[in-house]
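Letters A, B, C, D, E and F name the chains as they come in the text, with residue numbers starting at 1 for each one.
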Amino acid sequence: MKIKLINPNTTQSMTDGVQEIALKAASLGTEVYSVSPSRGPASIAGYADKAIATIGVLEEIIKGDREEGADAYIIACFGDPGLDAAKMVTDKPVLGMAQSAMTVMRLIAPNFSIIGNLYGGMAGRKEALAKYGMTDVYVSDRYIGMSVLGFEQDPVRGVKELRRAVREAIELDHAEGIILGCAGFVPYADRLREEFPVPILDGITPAVRLAEALVGMGLKTSKVSTWNYPQTQEVPGFEFMKAAQIK
Amino acid sequence: MKIKLINPNTTQSMTDGVQEIALKAASLGTEVYSVSPSRGPASIAGYADKAIATIGVLEEIIKGDREEGADAYIIACFGDPGLDAAKMVTDKPVLGMAQSAMTVMRLIAPNFSIIGNLYGGMAGRKEALAKYGMTDVYVSDRYIGMSVLGFEQDPVRGVKELRRAVREAIELDHAEGIILGCAGFVPYADRLREEFPVPILDGITPAVRLAEALVGMGLKTSKVSTWNYPQTQEVPGFEFMKAAQIK
Amino acid sequence: MKIKLINPNTTQSMTDGVQEIALKAASLGTEVYSVSPSRGPASIAGYADKAIATIGVLEEIIKGDREEGADAYIIACFGDPGLDAAKMVTDKPVLGMAQSAMTVMRLIAPNFSIIGNLYGGMAGRKEALAKYGMTDVYVSDRYIGMSVLGFEQDPVRGVKELRRAVREAIELDHAEGIILGCAGFVPYADRLREEFPVPILDGITPAVRLAEALVGMGLKTSKVSTWNYPQTQEVPGFEFMKAAQIK
Amino acid sequence: MKIKLINPNTTQSMTDGVQEIALKAASLGTEVYSVSPSRGPASIAGYADKAIATIGVLEEIIKGDREEGADAYIIACFGDPGLDAAKMVTDKPVLGMAQSAMTVMRLIAPNFSIIGNLYGGMAGRKEALAKYGMTDVYVSDRYIGMSVLGFEQDPVRGVKELRRAVREAIELDHAEGIILGCAGFVPYADRLREEFPVPILDGITPAVRLAEALVGMGLKTSKVSTWNYPQTQEVPGFEFMKAAQIK
Amino acid sequence: MKIKLINPNTTQSMTDGVQEIALKAASLGTEVYSVSPSRGPASIAGYADKAIATIGVLEEIIKGDREEGADAYIIACFGDPGLDAAKMVTDKPVLGMAQSAMTVMRLIAPNFSIIGNLYGGMAGRKEALAKYGMTDVYVSDRYIGMSVLGFEQDPVRGVKELRRAVREAIELDHAEGIILGCAGFVPYADRLREEFPVPILDGITPAVRLAEALVGMGLKTSKVSTWNYPQTQEVPGFEFMKAAQIK
Amino acid sequence: MKIKLINPNTTQSMTDGVQEIALKAASLGTEVYSVSPSRGPASIAGYADKAIATIGVLEEIIKGDREEGADAYIIACFGDPGLDAAKMVTDKPVLGMAQSAMTVMRLIAPNFSIIGNLYGGMAGRKEALAKYGMTDVYVSDRYIGMSVLGFEQDPVRGVKELRRAVREAIELDHAEGIILGCAGFVPYADRLREEFPVPILDGITPAVRLAEALVGMGLKTSKVSTWNYPQTQEVPGFEFMKAAQIK
């Protein structure tokens, strides 16, 4: 089984981080490989970055289907950019980090909070929660108050703030599960698990395991209507899309 | 890995059917075994049957934890009887058939219908959909108009009605995925899959694969509050519960 | 008219407390009597206790129908354990404390808070609010921070905390009605009513009065589908259920 | 105990009909009396009629409080016109027909349909359902296709259509309870009850019994904020309102 | 184009204030004129005032249609009293202040808070938000803690409190748009806009511009069912309504 | 005032059609001009097309801001592709066709149906309705059963099917307003208005008029958080985005 992880931004170090976590997450016999698109935003924050990043996601999935024989795809960014569009260009399972983490968490905790870097408006979060049917089990977003880069540059303060955010989610918001909304937090997950008696999930691991389960069951994305292949037509400037159109 | 399936009714032939499906569903290296409680209803329809059946579910889970070394539990009935109570008496993952089927379906189809035997009121269905966050992706229930027993006795007519129900769900209700809400339908799933171009899921297979994924990630049920072990106290007439109480 | 109150736990002193309140609540000509099942948890907190307690509730209702000529039933615990199952085993009205208190409160206040003992997760509360259509008029849970037993042992501090919780609900949460979520608080209700200018309801009194109203109108539970009598079948270990099955 | 029913339209024959039903509904010892305002619409259909009728409702409640010693009020029209405003001008319980019927029905049936005269848009119905927390247990509106007057003039055809509407609600919509949304249907309720095995409620009877229950418990409307007495000010043209203002 | 603004209370100074804002808001070529009904409450707070004020609103709209040739109507009070009833007595567009402000805000901000005078219960607010489909983009109500009159008498303190309320909405509640829920605040809107980098809307301006847009498109209110003209009948005491009934 | 309409597909004939409608819709003194991106799908159906089309929308808006001095933007496709991303790259108002049509319709009709070409799954529709707060006033989608091209090729049959679809929406679904979900239908709107007594809206006209209203009020999109300019970073392959980043 071959799972392709697509880091939708163009920063290779983040792709490497994703691959590292994915390797630990994968079962014996599962091959995982992580890529970045050649074009797109260096990092992703907000609707515009997500829209731009979606192009690269689509390209990589079409390439994965035609050239690489991938069995499933993971969009390795907590915003799940382009998830619906991605499901149209392949019949292999496509999983997002946020949906995967929430889906698994719901099975083992009655509710959860999400730990993020910096407050950036809640519109996108609310849409994601509604899309995945998670509105009623979502408790809160809590922030460490440091950017992704800031966290990397000062991990001592970063971990301190991370612990504060987790503690506030549990004690003030009554969260019974914690989702780490940034890949940068994952190396510290085990330390957090020792301190806090609640499930603490990153997004990569659940996505890899769900992908394995879907592939293991031989399941493919429903192509009957909503996520059917794109219609046959010209797409000037995005000719790579032709390969995914209905034959 | 050892997964215990609990058929919450006391009819051994159904337990055997469950075990058969589970065996096919399990990955290499996963041991599955299916049991029925010694007491409880012969079959389950409605709130009262579910309430009675919950006692046996709790007994079997406590036994699984203390005597059998099970790693996860599956409540093998589409009504998921006793699921919340079951999560309190163990820290191992506990999965219901309905929640598992819906959870997996949501990852590969934008919506789904459920095929059942006979109309029996929608209150329980609505509660389940809300509980699992599936209200917005649920399309309809469709019925074959034959009891479980009736289906077994006249499989020719049964399959005909089953095909009609699936076709109506797809054509009239615009369902893009089909969940088989009765274990008796499972042997005919492959035939349906040939005819209808949508994902068709039974409940056992997704539950087994999700259980494998949860155990594989080393996840346990959050015990911090909602699903914590029961309080320490006397429970006359149900002494088996003492073994699950907080130490 | 004969109303049977079933305290679903097996602690006789609580049953006595229930009976005392019910006697004050009943109209002239209404006979009320309170019982505990012979088996079940000593007290009820969480899904597992509720599941176990449901068995005793069903037994007592069936007994009430067959041997005692009861006209209506009240499940005298704020969690309303087994309410739906109970409605299946009789056609007499069955009322829960929580639903009754909320139902009456909604007629006289635009919203309400619930005063409880100790925080225990909100999943059960949210389910109850949704089940009774009360989500939009619910304001908050406020807690005294003492167990049922603790309140009884130190009523001076208990009443102080109770007043604090009520005041916070009114002043901080803008509650315009207060529901006492524990029978132990009821003896202090009049004192609270003097101090706080909002309706303050216990659960027993509304349940008794609603039961009187339903019986007075000659109403019975709809048996057409959802709450119909259980199907006819064997129920090994729970033979008492046979008496309630469809003839 | 003295319950005042206010028929919000100015048609005396309807007021007489209301009084007749109320007399049958009332318990021994309850005095019921029904009035029409001296001004307002002859009958009520839609937002404008309801707005106009509200003036008379307020006048009659203020008169009931100051001159007649009423203990509770019932707005005897299925649209519950002016219910919130009415709760502001008295601290006695005020009940609407629709809310009362739905409130009682919810205790004995898992869902219900409403039988009306003629289709008139669903906006008002949806608002009422949301206001009373009944959206999830509402099944459908079914219509007899005859006006109030038409039903009275041709009761033979009227009853035939009424039976058709009830049957469609039960068989096609799976309603498990029926609310008669027009006082004119009430004389035929018993005949319907013989034929259809579901609870069939008019609006007057539940309102009378709930009013008795509220008065019996000594409950008054919460005046702390939402339904507090109107502010003290001039109200030219509506001087009767001065009597209800905060002192 | 002729737009009639109806201040639903009977205080002429407020009508003058409304007219002043409307004049600034109107496009070249739009005639705006503001009136108060001759009868009704001096100011509006709560359901009862709104119910009484609705009579004057209906009278003024009917007069506007029959005698004044108005092209559209604005109910110039943030509670939008009588909006649905008003839509029945004319086929010209009728706009409320609250709906207009929220409708425009939603196009330029992902969410908003409303600044009011004094806390007065949230039931009316919640109903309005649901009615206009704004529940999900509403953030909070914030209050200046001074009455309308108090604000006018001490504008120095008033503006200070206004700035505090806006700042709290933005910083504590994460509001990304601000709606001024009181006409008295409007003269200070520009000062607030300099200080706070979010859209700040009054209700009059959006209503005037939306009315212009609707009239400009030649649109009229749908009369097919919900907002059709009132039925033909006697309305003793409110004879002015006869002019609006279906011919 | 200068309003730029962006037809997000690359088919010039559709852009010409949009421009024709926009010219009729615009007020005196409003300049409207319509463009197509140089790259993107020939037509838009489904998530993938929308994702691809978003790139061109962003390019055209950035160009409109920097080179053309546009005051507002309209995304002239009923799927509103890229609306949120578009709001990030400019502070001028950006309007979508679907949101504009629904927003205006809600002011003049209590509910509406949408007429489309061919059934294509409802997931995107449901998301749009939720995003714009229109779920509760949406009645149905009705289809003519012909593609955009098919309608153009056989307008006689097309108009017949269009009339059928509108009539079914009104008579079977009780729609009180009709939104034409395809620009190709607009030339026949007047004919439909003669036949059907409900408001019938296209999407272009409301968008133009709302844009005029927003610009007329001097309003800009809130940039405080959700729709703030994109972060400053490299975006290889999409360098045009640099011009829109925070300075």
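Methods note: a residue touches a chain if its C-beta (ideal position, glycine included) is under 8 Å from a C-beta of that chain, and two chains touch if they have at least 3 such contacts.
Please read all numbers here as calculations on a predicted model, not as lab measurements.
Listed by label, the chains touching chain B and chain E alike are A, C, D, F. Measuring from the averaged C-alpha position of chain B to that of chain D gives a distance of 44 Å. Each chain gets one centre point, the mean of its Cα atoms, and the points for chain A and chain B are 28 Å apart. In whole angstrom, the spacing between the mean C-alpha positions of chain A and chain F is 30.
Multi-chain contact residues of chain D (touching two or more other chains): 110-111, 119, 121-123, 130, 136, 174, 176, 225-227. Listed by chain label, the pairs that touch are A-B, A-C, A-E, A-F, B-C, B-D, B-F, C-D, C-E, D-E, D-F, E-F. Those residues of chain D lying in contact with chain C across their complex are 25, 27, 93, 95, 99, 103-104, 106-111, 130, 132-137, 170, 174, 176-177, 197-199, 201, 205-206, 209-210, 212-214, 216-217, 219-227. On chain C, the positions that touch chain B within their shared complex are 10, 38-43, 45-52, 54-55, 58, 82, 84-85, 87-89, 119-124, 127, 130-131, 225-228, 230-231, 233-238, 241, 244.
Against chain D, the residues of chain B that register as touching in their complex are 119, 121-123, 126. Contacts from chain C toward chain E in the complex involve residues 110-111, 136, 174, 176.
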